[in-house]
Structure formats: C-alpha cells, structure tokens
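Order of writing sets the labels: A, B, C and D. Residues in every chain begin at 1.
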C-alpha cells in the first residue's frame, strides 16, 4: 500500500516534470508555430540564474520563482529581437537558427561556468510514507506544475492579453485591423514562453542541478511532448505529458530508467504514427 | 553526350582535388574530412533535392559504422563489412522512410521522428556495455564502443590494410563516385520527379507520381550513402562509439549542409570539409569553445546566407564573369518552408 | 623539408582558426612530450588539471637543467571530449610532431582509440588515469589506481562498519561494469552480499524511482560507482529524500572530479571512498607539491587524483629516461621494467614490471566538510586485478585489454 | 445513362467534425461531356471535386471512374487512370522552368524522347514557347495558369478536372482558356468548377448547381440560369 502511494507520487512527479519543461515550448509552438530548439538551454539558464542569485544572497524561493523566470524573459527578449523575429513563418529556418543558438549557449555556459555540475540543495526536507522516504521537493514540483498549467489556462481564457494573443496568432490581419501590433504580440509571447522555460529551469534546479550540456536532455523530452500533444497549449501538453510521463515512470519502475526513456520515445513515435498532427490535432480540438 | 562530358569534367576536377589536397593537409586528416563530405553529400541529396529534412542522418552514419565493425569482426572479411555498412542503413532507412511517408507526416513531425529515432539508437547503444550485448563474437561495448575490428584491405592482398594514404585515396575515389552517382540519379526521370516533389508535392501526385514511394526510395539512397560514410569513419578511427549517433553529430551534418548550401551537391561537401577542418584546427589551441563557434556559424548562416556559401559564391561569380547563367534548379522551398 | 611542411600546416591551421603559431620545434636537441587530454567538452574537469600536471613537471625538469642535458617541450592537443579526435591527434603527435612520449587519455574509450596508433608508431605511452584495469601491452604504462586496489581496501572497511547488505549503483559503461564486479568479488570475500546492482547511462539525471527501489531492498550500504555531471544529481536527490541519514554510502568514483566540493557538507558527509591521493594526506612531499601547484596555477581547488597520477607518471617516465640514459623507446621501457619508484604527493609509487601498472599507496577516506579525511593508509598495494591476467615478462608481445574474469 | 458514364458518384458525403460539407451527392458524367459545377462559396463543389481527385476521402458513398471504384484512392492512383487535374490555386512546381514542369507530367507515361516531343507540342499549343526556360515562380498569374494547363494536357488525359481555371485571368486570357477547353473537350470529358458566369455561359452545356452540400439542380445551362431558385441562392449571394 505504501509502495503504491510512493509509485503514484513518482508517476505524478514524472508527469509534472514533463509538463513544466514543455510549457514554455508549448506556448511558443502552439501560439506562434515557432520551435525554439534552444529551449533546453533556456532552462539551464534559469537554473544558473537561480543558483547564482541564491549564492549571492537571494532567498531560495525568490531565486527559483523570480530570478530564474526573469533571466529567461530577458534573454528571450534579446533572442526574439536579434534572431527569431527575422524568421517568422519559416518554421524550419527558426528550428535551425535556434539549434545554432542552443550550441552557442551551451558553449558559452562552458566558457563561463566550466563543465562541472553545480546545484542547490532542496529547500524541503524528505518525509515518510509508511516505510518509505520521499523527496519532499517532488511534491513542490507537482504543485508548481499544477499552478503553471492552471495559470496558463486562466491567462489564455480569461484575460484580454490571452485573447489578443490568440486572435493575433489566428488572424494576424484581423488583429492588426483592430489596432494591435502583431509584431509586439509575437515578441511578448516569445518572452512569456522564455520566462516559463526559465521558471521550469529554476524549479528543477534542486533536483537536476545545472550542467552546460543539460539542455539536450530537456529539449528532447520537451520537443517530443509538445509535438505529440499537438497545437493546443494547455490541453495538448497535459495530455501528452500524462501519457508519456506515465509510460516513462512505469517502465522505469519495472526495469531501468533507460528502458523507461526508450519506452517514452517509442510511445511518442507510435502516437505520432496514429495521430500525425498530435493528440489535440485529432481530439480536444479547439481547446486552449 | 552532354552527360558524358559532365561526368568527365567532374571526374577531372575531383582528381585534381584528390591529388592537390595532400599538399596542404595530411592524408590522415583528409580521410576523415572525406568521410564527413560523403555524409554531407547524403543529407545534401535527401534534404536539398528530396526536400526531406532529416534531423537524424547521424543514425544511418552510426549504423554504417556499427554494421561494418560487427560484420568485420564476425566474418573477419572487412569487405563483407563494407557491404553490410551499405545494406543495413539502407534497409533501416527504407523502413523508417516508409513509416513516415506512408503515414504522411508533415515537416515538423518528420523532424521529431527522425530525431527520436536517433536518440533511441544513441541511448540504446550507450547501455550495451554488459557482456550480454553481443552480436556473434562482437561485443557492442556500450559507451566505450567497439575498438580493434579488422579494417579494409586491398582486395587483391588481404593482409595489406588500407591505411593512411591508401585509405585516403580509396575514400576520395568513393566520394567522387558517389557524387557522380547522385548527379546521374538527379538527371534521371526519378531524380527530376524527386525535385518536382520537393517543389510541389500535390502537383507531383496529381501528375500520377507515387510521392510516398519516391520519397522512401530517396531516403533509402541517402541512408546507404550515410552508411558508407560511417564505414570510412570506422576504418579511419579504428574505433566506433555511440557518439556517432549523438545529437551533436546530427547537428553538425545539418550545419555543414546549410552552410555549404542545401540544394547543391558541391556545397555540402565543401561545408563538411571546411567546418570539419575548423573543428580539428580549433583543438590545437583551446581558446573559444567549439560548440560556441559552431552555433554562431549556424545562426549566421541561417540569417545571412540562407542559400549557403557555395550557391552565393556561385551566383556572384556568374554575375561577375558575364557568363550565361548556369541552368540550376534553385532551392527556394527552404526559405519559405513551414 | 619537414620544417617547411610543418610550417605550412600550422600556418593554414592558424589562418583557419585565427590561432597563434605554436613555438617552433628545432629537431633533436629537445625531448618532445605529447599531452593529449580533453581540455573542453564534458570531460574537461578531468583533463585540464592533467594537462597542467604535464606542464608542471616539464617546467620543473627544465628549471633543473633538463633531461640528459636536453630541454623538454610540451606539445598539447585538446580532444574536446570527442573520441574521434583522439585518433586524429595521436596521428599528428607521432607522424607530424615526432614526440618521444605521449601522456594522456582519460576514458578507456579514448585510451583504446590511441593505444594501437601509438604502438604501431612505436611511441611510448603513459596512461595516468584511474581505470578498470586489464590492459596488457608493453608499449603502455598505466599509473592510475585500479578497481581491485580500491575495493580491496574499501569493502572490508564498510562491511565491518555498517553491515553486509550492499546495493550498487554503477555507471553503465566498461568501467562501471567491471568495477561493479570487483565490488561484488570483495563484498563476498568479506562476508557481504550485493542485493542488487543497477546500471545508469552517463546522461541519466533522474533517480527518483531508483531511490524508491533502494528502500524497497533495504540494504545496509549503498555503493556508488556513478560517474560524471548528470550522476551528481543522485547525491542531491538522495539527500533531499532524507536518505543520507538512513543508509550510509561508499563510492569508488566520488571525488575523482572533486565532486565532494560541489556537494554541500550535509549531502556529502560520511561517504567512504578509497584512492591513492588526498589533498589532506599529511606528508612533506604532498605539502610541497600543493605549494608548487598553488604557485604555478594560483589555486589547488582543481587538483584531483588523476592530475596527481599524471604528475607521478611524468616523473616515473623521467626517471626511466635518466636511468636509460636515452629517450629511445625500448631502452626507456627496459629501464622502467626494473621497477622504478617515485616518491611524491601520493606517497611511493612503483612500476610493477610484469603488468606495467603501478603499485600504489591506497588511502581509506571519508568525506568530511568537503574534504577527504584520511582514515587509514594501506601502503604499496599491487594491481592484483591486472596481475591475474597479464604477464609481459612471459608474453612481451601481448597486446590487448583483458576483461578480468573473477 | 449510367452505362456510358465516365464519372459516377453514389451518395457521396463528407463530414468535417459535425458539419456535412457534402451530403449524399449522386452525379453522373457521360463520355465527352463538358460539365460545369457551380454554387456559392461553401456549397460543396470544391469538396466534391477533391473527392474525385483523391485529395479527400469521402465519409460515405462511392466514386466510380470508368467503371472502376476509386473511392479512397490516392491522387496519384487516380491520375494514373488517365485523369488530368488542375487545382484551384495554381499548383505548379515553382522552382522549375515551365518546360521542366510539363516534361515531368509527360514523362510519367512516356519515354524521355516521347516526353520531349509532347513538351514541344504542348508549349506550342499553349503559346508558352518564349517562357519555356523561365522558372515558373517568375511568371505572371495567367501564364502560371497556362503552365498548369500544359501539365494537365501533357498527361494526355481522357478525363480532365479543372478547379476554377478562369480565376484571376484577364479578359483576353479567358478567351484563350475557353478555346483551349473547347479543344480539350474534343478528346476528353471535362468537369469544371467555376464561379465566373460569363465563362460558364461561353462554355457550359450541362450545369450542376451545388447548395449547402447538395445538388440543387442539374440542367442545361440556359435552364439553370433562368431558374429562380438558382438566382436566389447563387446570384443573390454572389452580388
């Protein structure tokens, strides 16, 4: 029984991690049809921001929840202005340019921080479920995933900014006619997605630490989750994160984490073969 | 007749390069650059002419290397390994291609599937350190890869290994041959139909071309060529590791191709040679990080030279020389793909 | 001729890479030492101090008038953590630079990539890294500590201290696989039991499920043979779950890349390890060495086991050259095969003639406040693992890496 | 009539989500007939067209072409029966020259030498000779329409499906198009989807009018144009 509880928590945790690392990418892809292949490095950037602001005296929760997304947002702004905005509407070219950005950022991390793993300790103590110890921070991650997803839903559905963004993405001409500057909308959407990436990086720091090459692991999973989910930001990400996270964690428990990861990848390919436009391309259409 | 002349001309230019390059660089360095060039040629064909952006060309490259090593160890006949290095990647490419093209996956989804496929191979190969992972008498070796397999020999003398100079000339002759084969393919009705598909898939279908089949065939050819590159690399390095399947390797192939110029055949080859050499040269003095430089190169190429170096230089030259503009199928799709 | 060719080469390299020209070598009145390490990429925390150690010994020897009256020159290449570049640069070192000896290689894969090349080119090779053992080749000397040397010391200590049931976590590659076997061997020899061994590829960073599985197995001890940056997450996640207070841990790999400095005291304290060197070992040689390093590079924070092994390896080679009175490869090998020793920061280190491996002091240590506190010194431990399979006196032409059957 | 039909549909329906874009349409077209499909936007005529070409798979019902059940076939399989298709937005291979475009179409069923001859004929027939070596992307809209027509002709089809061939053409170009279509009709059956009433008046014989996914009326062109229902749904909205 205790074991079942522990496994359920671990499954929820795996789903939450997938949802968190994918959220920023999903916003940018779902709204703008841009795939940011440097997304993984944006997360690592968030991690470094959290670690170093914490080292210089910022309280840990502020470092994770404020400094990290801020770093993501500022960097996202710079990247959008310098690179991405020249490439809108050219999906493949943006992918290539951001892939270059990913390599460059990774190289820059190495030059600045060196090739070591740095990290911060989890601010929450472990707790006991029956005979088992559980990482208390896992629950924080689950909670944050819920907050981020609910927040995204609320912003997209309930606020004017969300409405304008959705309108501008679907009918740029229309939004322009109503007096909204679509270039601005695109920019802020990209910044928002980048901030989410930074936030995810910050939140995950106590678990994974920060390492220059860490982005590759994030982007592969985020990319796969988002594409499998399809174009709907919240429901797509949630649906695919749930399926893939479940598959991953079940196989990890049954065998090893490698089998888990390979099972996740195979599940994604099978899903794409059945549903070539992602889960929300077929079901849950017209959802946010 | 015109084709005949072009073949002759290409071969002559190829031979000039083959004999001129060793004056600049060691045979040893040139061999690996030639392997890279063949690899770039494969993506140049698949992407530049077939319009298939494969993020996982490294998968076939790695499969070629592993197929060679495993077959060579088991049979002790390296030339059977060479054959395996062509066939196995081709078969795998055919299966993967059929799955994608008959499933009608669009651009992005294809990118995901090829990327995931490479990742699976990479992750799997990295877990094969245990003794249980062996094919015949060949241990897969996991992260450390497979060292010490028999390498190619001169066919007329099985104890005389192709090594250093002889390996270089063999590799370069292969490059010339493969370049010519791809040229001929592109001149054939199949090749023209392929370019037609790249330009407008629907139109090609409405003309009666079986787009799914043609793309699968093109993808298979690309896989076979990448496999040959992997085999040359294995013979050069005398060790193969799962790194051949890595994301870094995949990205390098794309960078070579885009910087050199997708939509040409010479462009990717030149891109691979120049950037491959840059990487080796950078190791001789560690100042800037290599990834950093490659990344900047890629961003700059996408932003400022979307057609690649080779086509840009080519059009500049033809403008300057007042010659008749070469009849070249320009690659416009890339800039508006999406 | 050779000179102009080399000039041209370097010139074009420089043009391509905007590099400065390296100092020109003038043939024959210098001894050239090749250094081939990962100075960038994911293994650079290991490679950079190793390369520095090569340079430090060269400076010391040159300051003392050189070797056999000749100056030493260092020719260094950065392999960028890319195995293919090892073969490339090994070729350059032998064919183009004509070095007299090569020190370097970190991962076993990198060593296996260059070992055949150097053997074919008849260039002496020193591999100064802790590794899984078993290499048997007269052209190579391995000065690093091997798993049997560590396990032989570590396992009895932890079994006596903490209990019999051990859960092993190992990096999923050659080193991890073989070390796991040695751990099992010495666990059984000392009355212990391995309840489970899990292998993790080097990029795995999520150990949540594993931590649950470990609790399920209820071991007395967790044995970590984890390697590299991603695996560092394990120690953090272990501590975050509060497990470090419940089940003690030992490791054959933690600290090699100074990981104990990256972990907080709370995360690292109490972990038992065994190596041939510690910053905290209190000997005059060690103190003098630390001072020299401090003076040369400004900080000893980056120093680690492998850099010290490289320092010892360079000195052993220099001893061999002095004894042989020549840099000729066979003469130096024969001189080293007399069982040369070097007294240095890691205590006494002696070449074991039949295996070309090192007889090392092994230190039993415990991580304490980001330091490696020495509990006990086990002097002059022979490389028993390699000794079991390799005898170059009997088979001087042997040339392979044995997988040691236990 | 079904006996000599080249195209016959039975109860053809297409649903998008809950909406029926095409609702149980049964139409038959005879050998050498020139049939026009008209109707306001969203009437279902383009959906119907795409079911014939294989671009859409019908939810229900069947399509037969010369007695062969082609329901659910892929476009290239339908094209291979000898069906020439021109889509609504000019679908040409932009990066290739006009000659290359037409050559690819001709080569599908012929040897290279025959293909070269067919290309020459087609270029001549459409008076495209002077643009033959130009990349299609550089041609004017009307010329691109002609290139696409050339692609269709080069396949020597016995059934031709045209989706809005006159869209965006100048008066003079429309006239040329009408001539070409009449000429084509001597060898092949034609199905034409069109908006342009003048164009329809000048070529049509029998017209099928679509409205809300169904066939409203099917009659000779004069009857249709005089029909009050048609005026209501079509002309009323069109204005």
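Going forward, a residue touches a chain if its C-beta (ideal position, glycine included) is under 8 Å from a C-beta of that chain, and two chains touch if they have at least 3 such contacts.
Quantities reported herein were computed from a predicted structural model and do not represent experimental measurements.
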Target chain D, source chain A, minimum contact steps: 2
Distance from chain C to chain A - Cα centre to Cα centre, in angstrom: 38
Centre-of-Cα separation between chain B and chain A, whole angstrom: 33
Chain C and chain D: spacing of chain centres that average the CA atoms, whole Å: 75
Approximate Å spacing (C-alpha centroids) for the pair chain B, chain C: 36
Multi-partner residues of chain A (at least 2 other chains): 110, 216, 258
Touching two or more other chains - residues of chain D: none
Sequence positions of chain B contacting 2 or more other chains: 123, 126-127, 289-290
Pairwise chain contacts, counting only pairs that touch as defined: A-B, A-C, B-C, B-D
Chain C - residues contacting chain A, complex: 40-45, 172, 198-201, 203-213, 215-216, 229-230, 232-233, 236-237, 239-243, 246, 257-258, 262, 264, 266-267
Contacting residues of chain D [partner chain B, same complex]: 53, 55, 74-76, 79-80, 85, 87, 91-96, 100-101, 103-105, 107-109, 112, 133, 135, 137, 151, 155
Chain C-facing residues of chain A, complex: 3, 6-7, 10, 13-14, 17, 110, 114-119, 121-122, 124-127, 131-138, 206-209, 211, 213-214, 216-217, 249, 252-253, 256-258, 260
Chain D contact footprint on chain B (complex, rising order): 189, 192-193, 195-196, 198-200, 202-211, 327, 329-333
Chain B partner contacts - residues on chain C that touch it in the complex: 8-9, 12-13, 16-17, 19-20, 22, 39-41, 77-80, 82-85, 87-89, 91-92, 95-96, 107-109, 112-113, 116-117, 172-174, 176-177, 199, 201-203, 400, 403
